[in-house]
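In the two complexes that follow, chain A is the common piece, with chain B as its partner first and chain C second.
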Partner chain A sequence: MLNNEKIVGFIGQKILRLISLLIVVCFVSFMLIQFSPIDPVRAYIGEMPVSEEHKAKLEEYWGVNTPPQEKFLNWAGDVLKGNFGTSLIYRMPVTDVIKERFAASLVLMAASWLFSGVLGFILGIVAGMKKGTWIDKAIKTYCYVLAATPTFWLALILLMVFSVYLGWFPIGLSVPIGVIAENVTFFDWLLRLILPALTLSLLGVAQIALFTREKLIEVLSSDYVLFAKARGEKGLDLVLRHGIRNVALPAITLQFLGFSELFGGTVLVEQVFSYPGIGQAAVAAGLRSDVPLLLGIVIVSACFVFLGNSIADIIYQFVDPRIKQQEASI
Partner chain B sequence: MGKQAEIIAEEKNKTEALLKVEDISLYFIQYASGLRQTELKVISNLSIEAYRGEILAVVGSSGSGKSLLAHAILGILPSNAKLDGKMEYNGQKLTQEKKEEIRGKEIAIIPQTITYLDPLMRISNQVIGCVEEKNEGLMKKLQRDIFQRYDLKPDVEKMFPHELSGGMTRRVLVSTAVISSAKLIIADEPTPGLDEKTLNETLSYFKDMANKGCAVILITHDIEAALKISNKIAVFYAGTVLEVANVEDFKNDGENLRHPYTKALWNALPQNKFQIINGQQPMPDEVIDGCIFYERCSKKNDLCSKGIPQFKKVNGGVVRCNNVS
Partner chain C sequence: MSTAVVTVNKGVFRGLNLRQKTFLIIGFTSLLLLTIVISSVFLGDESLQTNFGSKNLNPSPEHPFGTDWMGRDMFIRTLKGLGLSILIGAFASTISSILAIILGLLSSTGKMADSIISWLVDLFLSIPHLLLIIIISIGFGGGATGIIVGVALTHWTSLTRVVRAEIKQLKTQEYIHISINLGKSKLWIATKHILPHLIPQIFLGTILMFPHAILHEASATFLGFGLSPHEPAIGIILSESMKYLSAGYWWLAFFPGLSLLIVVLAFDMIGDNLGKIMDPRSAQE
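Entry: the complex of A and B
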């Protein structure tokens, strides 16, 4: 009973927060764009030569001279109805663009999120267990170097080594050029996913590995591990029995909190590999003044990061038996 | 023939100490200023013996290094610790390898607080410990029996440590030692913060263990609790044992006690004279040439400030004091 009430309260609170977050995000990004030197008419006509008269008509059509607050309310009203407008550069509804692009990015992010999480956790456990040895030092050095590496730089290096010199992977895009959509095989697509996913994974490893290492060292110096040793437990068994159990929850929580960095990394990596995902669309929308698309992406990415944080909260509040108990006893 | 040999061995077992700790010293290596290493001596020239069927209480004030003694016997000292001296278990030399081999099986520790339990593991798994799969059923049954004996309800099995009450924690921690069928049980401060009833109950568990033939070392600062159930009391002071007295020696004004510190400890109890002596025990970093109790002793003489007094057997106990004969 108590637990149900708590869940309802939790969800209610989360929804309220999400709504207020979205209102603020929408308003701020809309106003930022309003005050930036973006000209929707220029964006629409591109390089076409037009007459002054024609331009004035267009300006009227796009509502350039409407007051900003009215513009915002018009736009926000449409968004509430589910209409995000039409993308200026793709010439199709923003929702469709985002759906298509986000799906592609989601595969990339999910793959690298899982891979970096698992690899980082294992590296962290190994380093923590072998604290002070050369393995630990090697893993630590690797993590520090990676933590200081810019995403785009690593992406370029991988691209140069594996695609240009070795020729193992295609240089970019998610499908081969000049092939009809039906003829693109799963393998073609997978082959183009590997390098971007690898770039994101390698970078994601550092944080989770260092965190897991610290946490494991803390656990291994705890009273309960000392007691376990006194009872004859040792080596890998001991780490598996007590270490993993106590490190896993905070590590998974951290990995979910990393959604924002994952998204940021994706933008850069997709740009370097010309991978047609949401990140690339965001850059294109920004550079080419596609305001409806840009705002749509802002909303979607805010929701995405919010989702990651919420999952971390859920793990913290509903999975850890200690927190559960505390709440129940209040 | 075989039977007779067994009987002889058993007789020998009873009279010979299960655990002999001889003249051990424990240092911590520390970095003082910069790279200069110093050794901090926390236990010095300590000797105790534990016998089957007996409870030996190691009594001393907080911060005198009692828990470290337990950790030294089990070989779970931190890596910057250095241990000198000899230990024997059941007639065999107790090396670090030997300790690692027999801890949990022959020697068990009952820890002080709940922090010695894994916060995220259910109680029954912790009590049973790490066992091979084929023995799991058997251990589960054993654990249920023990829980029943200690009046722990079946739902405790599924609990996490933070859900236990103080008394339950105590019984769970005791269960971890009982289930191991160890011969030597070291209880590290098992009584603080317990009410009278739980205290007596806990003490009775140790008495039971001793009656079943275990050697029990009870490490505590509560001399009254120790006197209730122990056979011998080792008085621990500033990292060493000053006297090992029989429990019967603690009576009247303490005239049967050998060391001035033991007498002072006895007379400080409220039901006795409620007298305290001046001063405090020396810190581990103080260098003392003579008797460690010299500063606070009322009977000191010149000899006491030169060299540590040797252990002497007096009236069925042992004592480190020059003024006893």
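Entry: the complex of A and C
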């Protein structure tokens, strides 16, 4: 009974928090873009010369001359009704653009999230078990170097090695915007996914591996492990029975907290591989002043990050048996 | 800071190899970074003259990083780019640190201030970092100003949390309670008891902020939101190199990116090693 009440309270609090955050995020990002000294029409047409008449038309299309507060209220009212407006560069509703793009990005992010999580966890366990040996040092060095690697540079290098020299993957990985998902075969699509996912996975490993290593070393130096050793447990068995159970939950939590970093990495990687995902759309929207699309992406990404943090919170508060026990004893 | 190190030294500094090694690493990496910054500042623009007679050359002893499509030496371009990155990183980190100190201190003044600042931290962390930098950069007109403001305004969150937690933890300490009971003024306690603990943390936090700031600046510039294409920035060099990838000019991307990696790694190493020295527990290992 008490637990149910707690869960309802937790969810209610989370929803309130999300709403308050979203309102402020919407307002602040809208105003930032609104008061930007960059002329949106100029940003859109670039260096092309246009006639005054044409420019005036474009300005109207962009809504340059409407007062900002009126524009914000119009936009916010539409958003409340679920209408995010029309993307100026793709010329279709923002919700459709985001749906299509986010789905593509989600596949990419999910693949690299899972792969980097599993690989990082295993590497961390191995490094922690063999603390001080050359394996540990090698894994540690790998993680430190990767943590300092610029995402887009690694993407460029992989693109160069695997696409240009080995020719295993196409160089321009993009599909023309007009082509819909059904026209792309599954194999094509998988081929496009491998390199970006690999880049993100390789980079994502560092944090989780170092964290797992640290935690495992902490657990292995605890009293109960000493006791287990005294009882005759040793080697992999000991780590499996006492180490992994204690380390897994914090590691998974950390992985959920990394949604923000993951999104940032996706933006860069998509740009290099011209993968038609939400990151690429965000960059295009930003560079060409597509305000409705950019704001839509900001909202979606804020929800995405919030979801990750909330899951981490749930794991922390409801799943972890140690926290439960602590509360019971209080 | 240096006096603190010296006092720690007295007792333990008897041919301790780890400590010497740590100092050596710090000295060497700092020297490397200083060399990059100084040489990039003093290298004039004339060293980047276009020379179409020597365009797209492979790396050679004469041009260690090769040359680009306009015949400019990539080594000098990279050097200038790194110098610029470090300077922007330094400037943005300093501003971020100042913000973090102010907000961290404010949060310890009362419950209301504390919850407002926690909420502010949550707000800044609620959007993916890179996207936030992009929006702020657009809001401030893009270009160099936009990117510097963007990077400076988004890196204070972690240090603010550290300062806030540190003050909270210090306030519960026995010796602070004793000081209060002895009738010491708040100012006295703040300057004599709390500040000495905070300064190393802040210093370290600033240095560890550097690599993030540099990488974020390069990323945003790479995407086209940062410095203008005329600037010799690493992000510009790399986004330019993308056009020549299929032509097989691998050196255009490889060396500049690797140099950036080394610079970031150097900052990480300085930070980690300084942290080791400043923490009395690990300093004596």
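Criterion: the second predicted complex is superposed on the first by the 286 of 330 C-alpha atoms of A that agree within 3 Å, B and C clash if a C-alpha of one lies under 4 Å from a C-alpha of the other, contacts with A are read in each partner's own complex, and residues count from 1 in each chain.
One rule holds in what follows: contacts are C-beta pairs under 8 Å (C-beta built on N, C-alpha and C of every residue); 3 or more make two chains touch, one makes a residue touch a chain.
Everything numeric in this text was worked out from a predicted model, so none of it was measured.
By the touch criterion stated above, A:P93 is placed in contact with neither chain B nor chain C. Looking at the shared chain after the overlay, A:R241 reaches chain B, while chain C stays out of its contact range.
Of the two partner chains placed by the overlay, neither chain B nor chain C lies in contact with A:P250. Once chain A of one complex is fitted onto chain A of the other, the partner contacts of A:S222 are limited to chain B, with no touch recorded for chain C. Taking chain A as the reference, the larger set of touched residues comes from C, when chain B and chain C are compared. In the superposition on chain A, contact of A:R231 is made with chain B only, not with chain C.
Touch criterion not met for A:G85: it reaches neither chain B nor chain C. Looking at the shared chain after the overlay, A:L21 reaches chain C, while chain B stays out of its contact range.
Common to the chain B-facing and chain C-facing surfaces of chain A is no residue whatsoever. Touching chain B in their complex are the following residues of chain A: 222-224, 226-234, 237-238, 241-242, 245-246, 249, 320-322, 325. Touching chain C in their complex are the following residues of chain A: 21, 24-25, 29, 31-33, 35-38, 144-145, 147-153, 156-157, 159-160, 164, 171, 259-261, 263-264, 267-268, 271-272, 282-283, 286-287, 294, 297-298, 301-302, 304-306.
Taken together, the chain C residues at the contact with chain A in this complex read 122-123, 125-131, 134-136, 138-142, 211, 215, 218-219, 222-225, 238, 241-242, 245-246, 248, 250, 253-254, 257-258, 260-261, 264-265, 268.
Partner chain A is touched in their complex by these residues of chain B: 71, 74, 76, 100, 103-105, 108-109, 111, 113, 115-121, 129-130, 160, 162-163, 176, 180.
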